[in-house]
Amino acid sequence: MDFSFIVVQLISGLTMATFLFLIASGLTLIFGVGKVFNFAHGSFFMIGAYVGYQFSSVWGQNFWLSLLCGGLFAGLLGMVAEFFFLRRIYGRADEGGFQILLTYSFILILDDLVKLVWGTEYKSLAKPPALSGAISMGGIVVPTYNVAVIAIGLAVVVAAWWLLNNTRGGRIARASALDREMLSVLGVNVPMTMTLVFGIATALAGMTGVLAAPLRSVTPGAGIEVIIDSLIVVVLGGLGNFWGAWLAALLIGEVNSFAIVLVPKWATLFSYLVMALTLIFKPEGLFAPRKVRRV
Amino acid sequence: MEPIAPILELKGLSKAFGGLKVTDDVSFKVMPREISVVIGPNGAGKTTLFNQITGHLRPDSGRILFKGQDLVGRTTQQIVALGVGRAFQVASLFLGETVLDNIRVACLSKLDQTRKPLRPVSDFKRATKRAMEILDSLGLARYAARQAHELAHGDQKLLDIGIALALEPVLLLLDEPTSGMSPEERHLTRELVRKLWKDFNLTLIFIEHDMDTVFGLAQSVRVLQSGRLLAEGPPEEIRKNQDVITAYLGEEVA
Amino acid sequence: MASIRRIASLCLLLLLTGMLTSALAQEKVIKIGALYPMTGRSGIYGMDSVAAAEMAAEEINAKGGAAGYKIQFINTDSKAKPDYSVTVAKRYISDDKVNFLFGVVSSAVGLALTEVSKQEKKIFIGTDHAATELTVQNLQPYYFRVSNNTFQSMAAGALYLKELAQTKPWKTIAYIGPDYAYGHAQIEELKFNLDRFGVKYQMVGEFWPKLFESDYTSYITSIMQAKPDILVSGFWGGDTVAFIKQAAPYGLFEKSLYFHPDAGGNYELLSAMGDSLPLGLVLSARHHNNWPDTAMNKDYVSKFHKKTGRYPTYAAEGAYVGVYAIAEAVKKVGNPDDTEALVKALEGLKFQQPEDPEGFTSYIDPASHQIVQVQAIGVTVPNTAFPPATRMLGQWKIYKAEDLLPPKEWAAKNKP
Amino acid sequence: MPSKPKTANTWYLLIFLVLFSLVPVLKTTNYQMLLAAHVLVWGLFAVSFNMLFGVTGMLSFGQALYYGMGAYGAGLCVKYLGQAWFFPGMALGIVLAAVTAWLLGHLIIRVSGVFFTMLTLAFGQLGWQVMFKWYSFTGGDDGVQNIIPPGLFSNKVIYYYLVLALVGASIWFLGRLSASPMGLILRCVRQNPERVRFLGRRVRRNQQRIYIISSLFTALAGGLMSGVDYSIHTDMFYWTTSGHVILMSILGGIGQFFGPLVGAAVIVTIEDVVGAFTEYWSLIIGTVMLVMVLGLPRGLMGEISQLWTRLPGRQQALTTREEGN
């Protein structure tokens, strides 16, 4: 394995990690703030991709506009789902089970709605022409689009960091993870915060859907396919831990990337192995949130 | 005659969270059959002290001797088995079970019968009889078939004490037994506790804010402030103690 | 108690529907119970198959049916799940009284259903699942397959590679395919056929992404490091689309010849890729919309397009042919109920199909119950006759049907 | 779970046994018996799952692991050793499941709540991936076919009665268990683990115990299923199988001992009916789920028993009985 190959493989891992992170970050945000586990997160990813397809391929709009609209639509849908449905089960006994069921029902319903609207044929979305080439440097070739994806992923990390630390909204989001009651005493509208966070997270998922579409095929059933991988990242990073999710995505991306080279026959086992091994030693994940109840 | 050994002895107990000392070099002895009260302002470390005695928190240093055995490092389960019982500030019940079963599960635990998988609970006559006796002495027998969550607040606190009693403790820790009660209820509870103390041969330590209860029930008083033992002695002495008055009682008097 | 009553009433409802359908069955019909997936990744194949099967049934019924029997076609979404499909198949046989089990995209479902077919002695016509063992080691008397299996595709593929070596010498091969039975079978069969035809090759890598993998970047860079002359691919559906889209900007297809002889040339891929499908890829499929250039094929494709508004994937043609095979067999026997006679009629059944080139007629091999068909392998070229696809296959190479059937050594090698 | 007067549960069990034992007699098609067998097996799976979730408060998302182990124990033994090994294989699967539950329990019962759920999911998926990848031994996603119970039991009616007997006995046992001191302490663990510790009981030890018991009966369900369907698939290990059983339990009512069984019956029936008449089954099942979760939080059995206790005459009877105490 020569040096340039290692670099290439590292970058490949980074591309994978970016997509993992972009989906998982929303999932972990929702969990961190509202203690809600959104099993349907992948479905918002899928909806985003389809809306992006509608704008870009059917209506011939610019890719970036489609990206925006896909994100917006998924975000709005997410807020509707939270406001009209999820909110009604907060605080119920055994809420966890009901969350899983309710969001699972979203998956089933959204899957069929997508089929009703767009059919089962594979849809496809073209890259923006400016990003269709590849960057080549000293024997290292990386598609421009992949570089853009990695850059967008980094931008999201930086933006999230800034937002969480320097804005009132960010502080509220962080604080509400710690103590819902305290915040409502302080006059913060906690339910509205939750709806907003849900909207932001699902919008992120929707945008990621559009972003991923030129590299994949847009098909029904994508919601269920991406959720388990994202889940691994979220659990590994410590549920509700934004930075943990980022590092876990990097870990999974790079481990996979090199497992493919070194032990191609067993590569698909590695995500699960990494997760199982980590959890045996650190059952709360690599970066546990503050309050973990051990029994 | 041999001198009577203390049933509980704290020796230099200390515990800190971060930089904050919540228990600061606390030492005292409680004699068998004593009714002792721990008072102090909010945040003085009273409940934290209980948590250390019952193995919920591990002290940073010091020893807790119960009947001569050190409790530090033992699990709650072991401590309970040795004969330390506890009722909580907020009644800690099994809200979805009947009042009877709340006590009965404790009786079954005491009899070590909670692993029996085949016979229905009602078949366990000894535990059931014992549970009904306890309910009787608490005056809760008529609610036996009710769900615990249907009980009034005061009765829930009694039920909590009942669960502790079912484990046949030698030493019972009560965390604010009368909190949230009306003056009449407090009075009744006070008398009930005294009766239980007699009937069940208990040594009692309780945390309390209500001064009528403190001075009407306790034989000895310990005052905690910022984790430190400020004063200890019979109620009359404490009532006159200048430090205590300024630090704590003073506020109430004023 | 009330819940039990509710169950009881539900059961009653079930019973009633069962009775109703059996009352309808009094008419002279051939009942076909199909199990195509209508949801998820393989939903498109199910949709196309059902449309084509219904099309065939309409055509046959319009001509008065087969031996006076009308064809009645029912489908239940198999969800591509074997256990669920087995349950439905049993309902088909026991309640709906179907004459034939039919369809199936996934080989796992096919393997589960052939077992039901064997136990219940009900003929199962396989139309679109490719696992070779169904007509080799798992063959049972009531199973017939009317589309090529992976072995046939791989035999054709091996012959293609053999010819290629004469014009454009190559040495090394790498393989990438989904990490499940279908992916593994293809490369085993290709290797066997390469050896059988005396082709020398060197394997420089095998890569096993999971089925429905979304990110192939790391696989692509690994393959490029291995620098194979030929990259054999065993994907199907959306996985092919994702792989090609992600690999193209790396220039993989300029460095290695992309060779995908089983499902690579399927129409849904050509249509989903549009302009982003590179030229010069070597692909094949079990039916092509633009080959053979016969009246029958053109007619079939245009009728399908008229019915559904889209061009068919290869799965559709399998279903179309399957319904015709049933009709032909019933015509020979005279009724759809004499299973043993129908088995005899299907064995060796020979009839013209859309994918038959001039001068060849497909037939069912009596020994293996496998249809014997010509296989055509092509190269992607610009062609906008079948929009939204902008590339179709061309520069065809045709392989004789008889050369492609699994030989005895293969069966011996794979004894259960 | 309020402890019902024991007679009620006994009656339910009797009605259940009688109803299901009549199926082979009253059925008009073999398929109805197959459906009934599915209800039985899923019912056992759901009831054993609910011993974890509804009773002890441990939401496991990985019970499919044990279900699969039971099924593959029987299936692989038949595949490699022959038909006669069906029952020994099933027993082997059950023992393996219990041992695995014991081992895994040590690793995953260290955490509670959603962490526990995620850990069970993680290990369940690991198990699925191993079975899926270990193609040469397990048959991968192609599964194992032709698993026919030996001798007399190859007769479907006899096998059905065997399933009924084993499921009935298991449910009887689990019912007894949930009314016993052990069941009581488990319910207490769910409601107030802290207090259980103050009873001098070990919370984790009790959780571990029920985790093993639940897994054992889950494996039995899996083993029985292999003989009902004659084939097994790696799907049985997949997380959706665990999800399915959660759905059944909540739909039927996790607060009721027989709730999950009713849930299983409803889901199996809905899937069959809806699947038969529309391809948009996922939309319909999704909507039903949505409505159930929002409108009937106690599940079918829970709402019914709620209605039952609210009947005016009944209310009076309850009060008088309490006063009589």
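We call the chains A, B, C and D, going by the order they appear; numbering starts again at 1 in every chain.
Methods note: a contact is a pair of C-beta atoms (placed from the backbone, for glycine too) under 8 Å apart; a residue touches a chain by one contact, two chains touch by 3 or more.
Small disclaimer: the values here were computed from a predicted structure and weren't measured.
A.B. asks: Which chain's centre, taken as the mean of its Cα atoms, is farthest from the centre of chain A?
C.D. replies: Greatest centre separation from chain A goes to chain B.
A.B. asks: Going by C-alpha centres, which chain is most central here?
C.D. replies: Chain closest to the assembly's C-alpha mean: D.
A.B. asks: Whole-Å distance, chain C centre to chain D centre, using C-alpha means?
C.D. replies: Inter-chain centre distance comes to 37 Å.
A.B. asks: Could you put a whole-Å number on the gap between the CA centroids of chain B and chain D?
C.D. replies: Inter-chain centre distance comes to 42 Å.
A.B. asks: Can you work out the whole-Å distance between the CA centroids of chain A and chain B?
C.D. replies: Spacing between the chain centres: roughly 50 Å.
A.B. asks: Per the centroid of Cα atoms for each chain, what is the distance between chain B and chain C, given in Å?
C.D. replies: Between these chains, centre-to-centre, one finds 75 Å.
A.B. asks: Mark out which residues of chain A touch at least two other chains, giving numbers and ranges.
C.D. replies: 111-112, 115, 268
A.B. asks: Among the residues of chain B, which ones contact at least 2 other chains?
C.D. replies: Answer for chain B, listing residues that touch two or more other chains: there are none.
A.B. asks: Which residues of chain C are in contact with two or more other chains?
C.D. replies: 38-39, 179
A.B. asks: Applying that definition of touch, give me each pair of chains that meets it.
C.D. replies: Final set of chain pairs in contact is A-C, A-D, B-D, C-D.
A.B. asks: Over in the complex, which chain A residues touch chain D? Could you list them?
C.D. replies: Touch list, chain A to chain D: 31, 35, 37, 85, 88-89, 92, 94, 96-98, 100-102, 104-109, 111-113, 115-116, 228, 231-232, 235, 239, 266, 268-269, 272-273, 275-276, 279-280, 283-284, 292-295.
A.B. asks: Would you tell me which residues of chain D are touching chain B in their complex?
C.D. replies: 1-3, 6, 173, 176-177, 179-185, 187-188, 191-192, 194-195, 197-202, 206, 209, 321-323, 325
A.B. asks: Name, in rising order, each residue of chain C that touches chain A in their complex.
C.D. replies: 38-41, 43-44, 46-47, 179, 205-210, 212, 214-215, 217-222, 224-225, 237-238, 241-242, 245-246, 249-251, 268-269, 271-276, 310
A.B. asks: Once bound in the complex, which stretches of chain A touch chain C?
C.D. replies: Residue list for chain A touching chain C: 1, 5, 8-9, 11-13, 15-16, 19, 111-112, 115, 119-124, 126, 132-134, 141, 143-146, 212, 214-217, 219-221, 225-226, 256-257, 260-261, 264-265, 267-268.
A.B. asks: In the complex, go through chain D and note every residue touching chain A.
C.D. replies: By the definition above, chain D touches chain A via 53, 57, 59, 61, 107-115, 117-119, 121-123, 125-126, 129-130, 133, 193, 203-204, 207, 239, 243, 246-247, 250, 254, 280, 282-283, 285-287, 289-290, 293-294, 297.
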